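Note that the chains are named A, B, C and D in the order they appear, and that numbering of residues resets to 1 at the start of each chain.
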Amino acid sequence: MAVLVDENTRVIVQGITGREGSFHTKLMLEYGTKIVAGVTPGKGGAVVHGVPVYDTMEEAVAEHPEANASIVFVPARFAADAVYEAIDAGMKVVVVITEHIPVHETLEFVNYAKRKGTVIIGPNCPGIISPGKTKIGIMPGHVFAPGPVGIVSRSGTLTYEIAYALTRAGLGQTTAIGIGGDPVVGLTFTEAMELFEKDPDTKALVLIGEIGGDMEERAAMMVKEGRFTKPVVAFVAGRTAPPGKRMGHAGAIIMMGTGTYEGKVKALEEAGIRVARTPMEIPKLVREALEQK
Amino acid sequence: MKLFEFEAKEILKKYGVEVPPSVLIKKGEDPLAKIKEAGLEPPVVVKSQVLVAGRGKAGGVKLARTLEEAVELVNKLFETPIKGLKPSYILIEKAIEHEAELYTAIIIDRSERKPVVLASKYGGMDIEEIAREKPESIIRLHIDPDVGLRGYHARVIGKKIGLSGKALSSYSRFLMALYRAFMDYDADLAESNPLALVGDRVIPLDARIIVDDNALYKHPELGERKLEETGEYTEWEIKARKMGLAFVELDGDVGIIGNGAGLTMTTMDLVYEYGGKPANFLDIGGGASAELVKTAVGFLFEFPKAKKIFMNIFGGITRCDEVARGVIKAIEELGGMKKPLVIRLSGTNEEEGRRILREAGIEAFTDPIEAVKKVVSL
Amino acid sequence: MAVLVDENTRVIVQGITGREGSFHTKLMLEYGTKIVAGVTPGKGGAVVHGVPVYDTMEEAVAEHPEANASIVFVPARFAADAVYEAIDAGMKVVVVITEHIPVHETLEFVNYAKRKGTVIIGPNCPGIISPGKTKIGIMPGHVFAPGPVGIVSRSGTLTYEIAYALTRAGLGQTTAIGIGGDPVVGLTFTEAMELFEKDPDTKALVLIGEIGGDMEERAAMMVKEGRFTKPVVAFVAGRTAPPGKRMGHAGAIIMMGTGTYEGKVKALEEAGIRVARTPMEIPKLVREALEQK
Amino acid sequence: MKLFEFEAKEILKKYGVEVPPSVLIKKGEDPLAKIKEAGLEPPVVVKSQVLVAGRGKAGGVKLARTLEEAVELVNKLFETPIKGLKPSYILIEKAIEHEAELYTAIIIDRSERKPVVLASKYGGMDIEEIAREKPESIIRLHIDPDVGLRGYHARVIGKKIGLSGKALSSYSRFLMALYRAFMDYDADLAESNPLALVGDRVIPLDARIIVDDNALYKHPELGERKLEETGEYTEWEIKARKMGLAFVELDGDVGIIGNGAGLTMTTMDLVYEYGGKPANFLDIGGGASAELVKTAVGFLFEFPKAKKIFMNIFGGITRCDEVARGVIKAIEELGGMKKPLVIRLSGTNEEEGRRILREAGIEAFTDPIEAVKKVVSL
């Protein structure tokens, strides 16, 4: 088992003819992801790495009705449109890689997706991978391996680092989700946790947070209230980041005194969650958690 | 992008909000002539147009009881740096007598994924202060993106901060205009604090709008804000931005380069953890080219606060060999290894990267903890 | 029984301090309608014909949580706002008397109401009456009487005329709904018919149509498909109106060859519905229909 | 309110649509000078700016192969009434060679209560004609008001009318602009027919926008359209509108007054049913005052087509006594009973109304059928 995506997921790549879209289509195909179609307006009829390209999602879905997820590589100015198109074409999961989407547009499509029952991952995210089954994203596939650990993360590279450490420690993953570094994202920590709670194969969860916002606090509340019952190991990046400064991610900023490292760690620890001081401690803490269980 | 007070007020005025009568003085203009031309009578408020927070406390806002005093203050404020920054504009406004100062802002609530109106009957202090001293006075109303903020929402909020009758209608019109500004300008924040209650109407004494940088392309009329004008960035941050680097200046002496925001922040945290102090945050992002790596390393070679450099790379999409080539380029093309450089290299094409560095006499680490210990010990 | 509103309906009058609002509040109270509150922004604290006035619906509902319907007399420029306010205050039925509301605004609030489960009657309508129980509208109460006939109508005065004729013929009404004369209205014929179908006391339905649009055709289809099973007598105004001319109601206009009298009558008759040539025939046709049943 | 072709095209141009190069000639201006100033080269199309449908077939659109011919046509068209109406403006446009003529409109679907896009690859003829001759070619797409028309909707439609590649992108941009016009101007209709396909782009050869009269207050920039300019109303309809009466001129001889649109239409129908022919529709609405009734009756006294008058009133909110008083006023103040007048009066205050009329020697009917028979027999 895995959450959201697995070997049965059939993927459409939106913006497949662009540089990024084409490059990662190749990598995803190599990983084993079942990509059934691509969409780029005005490029209908082309073929990219063996994948047929259509002008619209409507046409792509008409030809490939089995498609149930899409990944968006469309430039920021047109990305919201692509997301709406994917939602209306009935995609269950839409992974938005694109960064620099205006936050007002993200607000709109995230609310719309919720109403339509579509899960949005991102924007500005590395995507989702269920190791050994499918990879819908830009993460390096080789650092992941199948196993019992779920990962949900606001950070890209840090996730790879931690996943690699877990993998080398013999702790593979059910699914790893990079939810994205923007202030407003589709799938949140708590929503991801609801999915991992229901997945019988996930035995423990690694939560990789950052300063800014209150998603970590909400995750802690969920554990505290017993709505998430599996062992959680957390890490929060940005302990030493000064307030008011944007640290790379638009979302990683301490504002009006909220979203501090201390506040997050306090909330997590009060909920009984182990918080690692460094990413390298995580495999050990996960193993302990699994053994205690 | 933060708008200047006078820009924010122009927008609100365009949307039908009554703002104090005013005149804008550009550096070099004759204040007395402009005040007279605008027909402003003292008392007036003289306000330094800077984009930093806490302008009032820093002495950037002054009351003038006579025209002479106003002119004097204009000249003085042009020469008064506010948090290191001298203004290019001074706004002179008619002083408005008022009975009360309210607070109203619209921001984005990340977790609810909706805009939210924050309002309080206690304006004139920061929202943080209000939250600390009068938390029960803060009214929060989330806006359904499908419906938008409607007149009746504005009235509901107005009532809850104690308004009624005509003042309630005036506040409702004000808040609708503020919302329109928030939406039309893709704002992260639209705020008035203080918002004065004057008889049966409200008048914004101050106004702030921050436009989402990602949406600036939709607003060519706003023009470009020079990085120097904003007061948000240090000299070196401005240099870095102009070179396309995601760089934040800090107070320590260990120069930091990482790939990815989370990993770079974590690298800072690790340096602290092992007793060092980072001089900066510098994220080269995903899939960096050798050229970008060269630029980043070269930049830290020049950045005086960085006495030594720690480069922490986990290769995912980023290829370690490409990173290694960039480091070599920097050393070869920019005049040698100017500062001690500790590199941790792991992930995609790690072996090849390590080999390239070794040929240039650099031994890269695999374990970040060992690397951190090394750099701190230097 | 009755549809939508009855003696248990508790009404808020929006725009109660205006000339029309105040006048009809008096008439509704005289009829026996249970009006619990009025709303006019800026006039909170006033009292109109014994009814307390509030600045906002939120306050009105806080004081009168039993309120479940509202009637809108607010001027056109502010009417849409009042409707949204009523929907968000949880009103189940909102009667919009106001005319000249821009149709784009009506589109918006009608779609919003649908999503929220609120029934909008109107705009530009006389309202709804369940004779002997309650009157939420501007119709003359005395022409109606309790009885077994449902009425749904696009026209105001014509409804009074027909109701009066029915009443004099001893055929009282369960509920009469004036759905309004605008091109776009909240409750449609078919939606009203769904309600009458479920009301056991309604034994027959009088449908008063007009040229323009295709609501009559849709009603006919509903009968034809067996989704409405009670006897229906119809009348369609505008047999002799020339195409392309707007006959008073913005909705009553034949455009692009659709919405003609002939088309409507043909559809209705093909569904087995009796179509009266004059309003005066209606009582006779209704009686026959009831007796055949 | 119908916009003129040149107004509709100006709006589309403002929203980024490429329209044919053109120059607008106002009555009295020198066409040759203006054409030269605009740098227009023949061949050009000379188009009478009138608001009536079927302008082309009525001779209001002509091709000119030389400048001289264009000038001649301008002068001629200014003097050529189209359905009774001479233009105040002539639009001269560069003739655009094109491969195909498409059709695209956005209207409101009443039943679905949503805007709907109608498009066809067969433009150049009326939508009614297309519906008759190529019904399968008409693409319909309803717009969810919460989402709006988005670029991908436009592309889906474009594909279905046979476009691809760059032409598809051009069409998509055009349709988004048309939608923006439809929304921003509260339009009942926004249409281009024909929409020309020129290589890999689309160019509207004609454009129509009808603004919702109820929303005109939001668009003061549109100015007032003189009723005389629109070609929608007859002389007497214009008179009636200026007096605030809801009046439509018809072809018979029985003047009709009713209260409420449905009842008034039904009164017309009854007159027909019993062998008469209505001269008009005149609805005095709900709750009419004696003054309004006087105005309505007086108007029909003057309206020459009405040889006799049938007034059908059912008193609901309208009070029969008030109506009766208005009738008496009309007779007394406007010079007597100028035409035979049959009145049916029923409902609120019926007795009092009947009494008032009886005192003036008028016997009102209760039964509309009897009243109709009477008026037809006169």
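Here is the rule we go by: a residue touches a chain if its C-beta (ideal position, glycine included) is under 8 Å from a C-beta of that chain, and two chains touch if they have at least 3 such contacts.
Because the structure is a prediction, the values reported are computed rather than measured.
Looking at chain B and chain C, not one chain touches each of them.
A straight line joining the Cα centres of chain A and chain B is 27 Å long. Put simply, the C-alpha centre of chain A and that of chain D have 54 angstrom between them.
Between chain A and chain C the centroid-to-centroid distance comes to 50 Å (mean Cα coordinates, whole Å).
Shown for chain B are the residues in touch with two or more other chains, namely 146. The touch graph of the protein chains shown is a ring with every node of degree two.
Put simply, chain A touches chain B in their complex at residues 76-77, 100-105, 107-108, 110-111, 126, 138-140, 142-143, 153-161, 164, 181, 183-184, 188, 208, 210-211, 213-215, 218, 235, 237-242, 245-252, 256-257, 277-280. Those residues of chain D whose C-beta lies close enough to touch chain C in the complex are 108, 110-111, 113-115, 127-128, 131, 144-146, 183, 186, 188, 212, 214-215, 217-218, 246, 248, 250, 258-266, 268-273, 278, 281, 283, 285-286, 314-318, 346-348, 367-369.
The part of chain A that touches chain D in the complex is made up of residues 41-42, 44, 55-59, 78, 81-82, 84-85, 88, 112. For chain D in complex with chain A, the residues that touch the partner chain are 146-147, 150-152, 155-156, 159, 164-166, 168-169, 172.
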